[in-house]
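One structure below.
When the chains are written out, they are named A, B and C in that same order, and each has its own residue count from 1.
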Amino acid sequence: MNKVYDNKAWLLILPMLALVAFSAIIPLMTVVNYSVQDVFDANTRFFTGTEWFVQMLNDPALQSALLRQFAFSLTVLCIEVPLGIGIALLMPKKGWQASAVLILVTLPLLIPWNVVGSIWQIFTRGDIGLMGWGLRELGYEYNITRSAVDAWGTIIIMDVWHWTPLIALLCYSGLRSIPEAYYQAARIDRASRWAVFRFIQLPKLTNVLVIGVLLRFMHSFMIYAEPFVLTGGGPGSSTTFLSQSLTTMAIGQQDLGPSAAFSLIYFLIILLVSWVFYTAIMNMQKDKEGGA
Amino acid sequence: MSQSKPTTPTEVRQRAAVEDKRRRRKARAVPGRLRPKLLLGLYLLFVLLPIYWLMNMSFQSNTEILGGLTLWPDNFTLEHYTKIFTTEAWYMGYVNSITYVVMNMVISILVALPAAYAFSRYHFIGDKHLFFWLLTNLMAPPAVFLLPYFQLYYTVGLFDTHIAVALAHCLFNIPLAIWILEGFMSSVPKEIDETAFIDGYSFPRFFVRIFIPMIRSGIGVTLFFLFMFSWVELLLASTLTSTGAQPIASVMTSTSTASGIDWGTLAAAGLLTIVPGILVVYFVRNHIAKGFALGRT
Amino acid sequence: MAEITLRQLAHSYLPSPSGPEDYAIREMDHVWHQGGAYALLGPSGCGKSTLLNIISGLLEPSSGEVLFDGERVNSLPPEQRNIAQVFQFPVVYDTMTVFDNLAFPLRNTGMSETQIREKVLEVADVLELTPQLKRKAKNLTADEKQKVSMGRGLVREDVSAILFDEPLTVIDPQLKWKLRRKLKEIHRRFNITMVYVTHDQLEASTFADKIAVMYEGQVVQFGTPRELYERPAHTFVGYFIGSPGMNLLDVSVKDDQVRCGEVVVPVFPRVRDIIARSSSDNIRLGIRPDFVEVFETAQEDSLAVEVVNAQDLGTYSILTLALGDVTLKARIDEDQATPKGKAYIRFPQARLGVYIDEYRVETDHE
């Protein structure tokens, strides 16, 4: 769309800007402020420069939390994206069934995150949970408080349960925007089911998938409540992700300086990865448009 | 080589016939449209089973829950629900949650609408940077803002109020709303605006009378997302409140006491947090399919 | 390569249609001969596209049969009917190059790459797409995309027929004309049955040897453009073809004379007899505006009319005339003076058609 150059548009932006500034800029400044100081009490503080940053980057506990975080985000993306596309392809397109399936699929997205944790905590307990009990009955010694593998597996299944619907709904609406004529033309051209997916459906899904992958990456990278409720980060620290490390440090230990530095590093990592991913996709599309 | 008329139509037809038979045989091997339905059914089972289990437990007494695994409540009881609806701390949790969610939705949509319009229709100094900065707020982990929020709201005297949570959620909800609305607005042709202005509409009148009705479904979807992200967020909501505006999510932690966990009440409370979501999604179900692509397909 | 026969074909989108108005296609019989260039002409919503989709197999008709060379294909899906169809709005596979787009239908049949290459280059040459072959289809203009869509139909030389569903809607006017000629050329070269759906009579008559005019789910006339013009079989054809459409006068016989209102219209006696014998009260005389003779003075058998309006269209003028309560149009050449006020008209008897219950009754002029 051709946009008009007009700085009066700022007037429309102002109310929003005031609010977001209040809830984003001021707190962010506080964080930056803390990250370069050592605070003893309200009157005693020292300027520390980059000391906290260096310390945080060299902290082995945080390094492993970061690695775990990447491993987790990557795993859930690899499962949720293909699964979500698959579900979207299976969802009925018309009638009451379409509405019903739509509502059911959306359900997990609308449950408060700690309740998601509670649901899975109940579901997977060995004594009262269907899944925990069932796995034991099948002869598998399932125990998320002792086995790191079980804890990991459960958190991943929980995340798949919780967030695959987002990818599925994005793809579903992407698929719905494909005009019927495309499918008709494909039938006339005798395209196989795979060719229809590869050449008609998948290209139309690129845009929504970029959005989906970005959102999923960001949210999985910030995951807090669900594993906190389900495993409390354990056993050991095998499911302690970045947000939890951060809250423990900031609220639990009141290490303001280090946790502020950590916050900024955390934030920057998400920004960087999102930016790299987005730029890469945009460049790929540009290349395509350039043609061979 | 390049015959303009095919000289062997019979041969071609025979080949096609053979091919057709093969295809038809192949088509029969898969039992029709049953398999997709089966797979979808399995997935829905996976979605519903944990929720069913929650519901199952919410209708059992704690003794029954701990006494042994039952696939459905043997002694159906509403005691946990009665407890929630008669204890002020419990039901006020729901009221508090809904209050700040609605406040946040109203604030976010009111400031996001004009801002999204500006982004979709005008170029101005710093527009791209501003938009990018807004999106970065979506990427900010709430954990990062935990402490500064606590201090900020404490200082300005908003701690433990609904508005505090509503404002805090604006951090990610306003950028989200602008992002979604901008997509919808950009798909409305600019000629609509121009025609309206030529017809003598003032900007506010045009915006309210003509433009907003045109992006109704976009607004519906935006509100859905605003509801969703504000309703499900817990970290900020529980940090910024203590007793006066405590969200249901933090009331639920009170089920865990020294004597053990009150599973039944936890399950009942959890199930009740799903209900508003179901209502919301039911109302926007017809827009969701179109709107989830955020106007960007 | 096939002869396509429609036998007692009818289709309704409703599960249990109750009356004729519930049918998108009312019962019809029709034959498209092998190698013909046909047009299916009619206004929007008359069932043209439905009929096309039934032929191609995208829709299964509610009743009746579709026969390809005498073989019933009703339940065969399009991929097994070996038919090509081009849609109103261009459908291209965005991520493929133009070459791959054109090659796609051939690759799906498992043709060898050398043969595919040859076919694609040939079709690209005809459609003047050769310079674009290596480009991504996504970045083409609307008309280039539509040419690609057509090309995908045309590469398949063994198809039973190629169906076009208003393929030139999105194309610029000059290019439209050019593409239509291309299609004709291709038709001559490959001798494939082509059915071309359109609502534009000019498009239909320049493309097709024979035109089927559809109206309310039925083919009301099937003939050459000339036949449609000179002897419309149905009042709708008279009205739809030609601009302005045919004049239709409600008539009845009173006192042994054919009258339109109170005006006596001179007709052959046998025409009068036909009208007199009919029990219908829906009887009309039809005459094309160009066949109406206009005079400034009274002539033998002429009728006095009021000139309501004259519209000068360059090489000819269209007159709007009032004959009693009835309004008529007449077309006169530029060299004839435009009458003002009063004028006299005459209907050449041989050009006058009789329509009873909307259908033309043959009167056997000698």
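Things to note:
Definition applied: contacts are C-beta pairs under 8 Å (C-beta built on N, C-alpha and C of every residue); 3 or more make two chains touch, one makes a residue touch a chain.
A quick map from chain label to UniProt name: A = Carbohydrate ABC transporter membrane protein 1, CUT1 family.
Predicted model only: the values in this text are computed from it and were never measured.
Of all chains shown, the one whose average CA position lies nearest the global CA mean is B.
When chain centres are defined as mean Cα coordinates, A lies farthest from chain C. Separating the centre of chain A from that of chain C, both taken as means of CA atoms, is a distance of 57 Å. One finds 52 Å separating the Cα centroids of chain B and chain C.
Look at where the CA atoms of chain A average out and do the same for chain B: the two points lie 14 Å apart. Multi-chain contact residues of chain B (touching two or more other chains): none found.
Annotation for chain C: residues 79, 109 touch two or more other chains.
Of all the residues in chain A, the ones that touch chain B in their complex are 1-10, 12-13, 15-17, 19-20, 22-24, 26-28, 30-31, 34, 86-87, 89-91, 98-99, 101-115, 118-120, 122-123, 127-131, 133, 161, 165, 169-170, 172-174, 176-177, 204, 207-208, 211, 218, 221-222, 224-225, 242-244, 246-247, 250-251, 256, 259-260, 263-264, 266-267, 270-271, 274.
Against chain C, in their complex, chain A makes its touches with residues 179, 181-182, 184-185, 187-192, 195, 199-200, 203, 288-289, 291-292. Against chain A, the residues of chain B that register as touching in their complex are 36-37, 39-40, 43-44, 46-51, 53-54, 57, 65-66, 69, 71, 107, 110-112, 114-115, 117-125, 127, 130, 134, 136-149, 151-152, 167-168, 170-171, 174-175, 178, 186, 190, 227-228, 231-235, 239, 248-249, 252, 263, 266-267, 270, 273-274, 276-278, 280-282, 285-286, 288-294, 296-297. Residues of chain C that touch chain A in their complex: 53, 56-58, 77-79, 83-85, 87-89, 91, 93-97, 104-105, 108-109, 134-136, 138-139, 149, 152-153.
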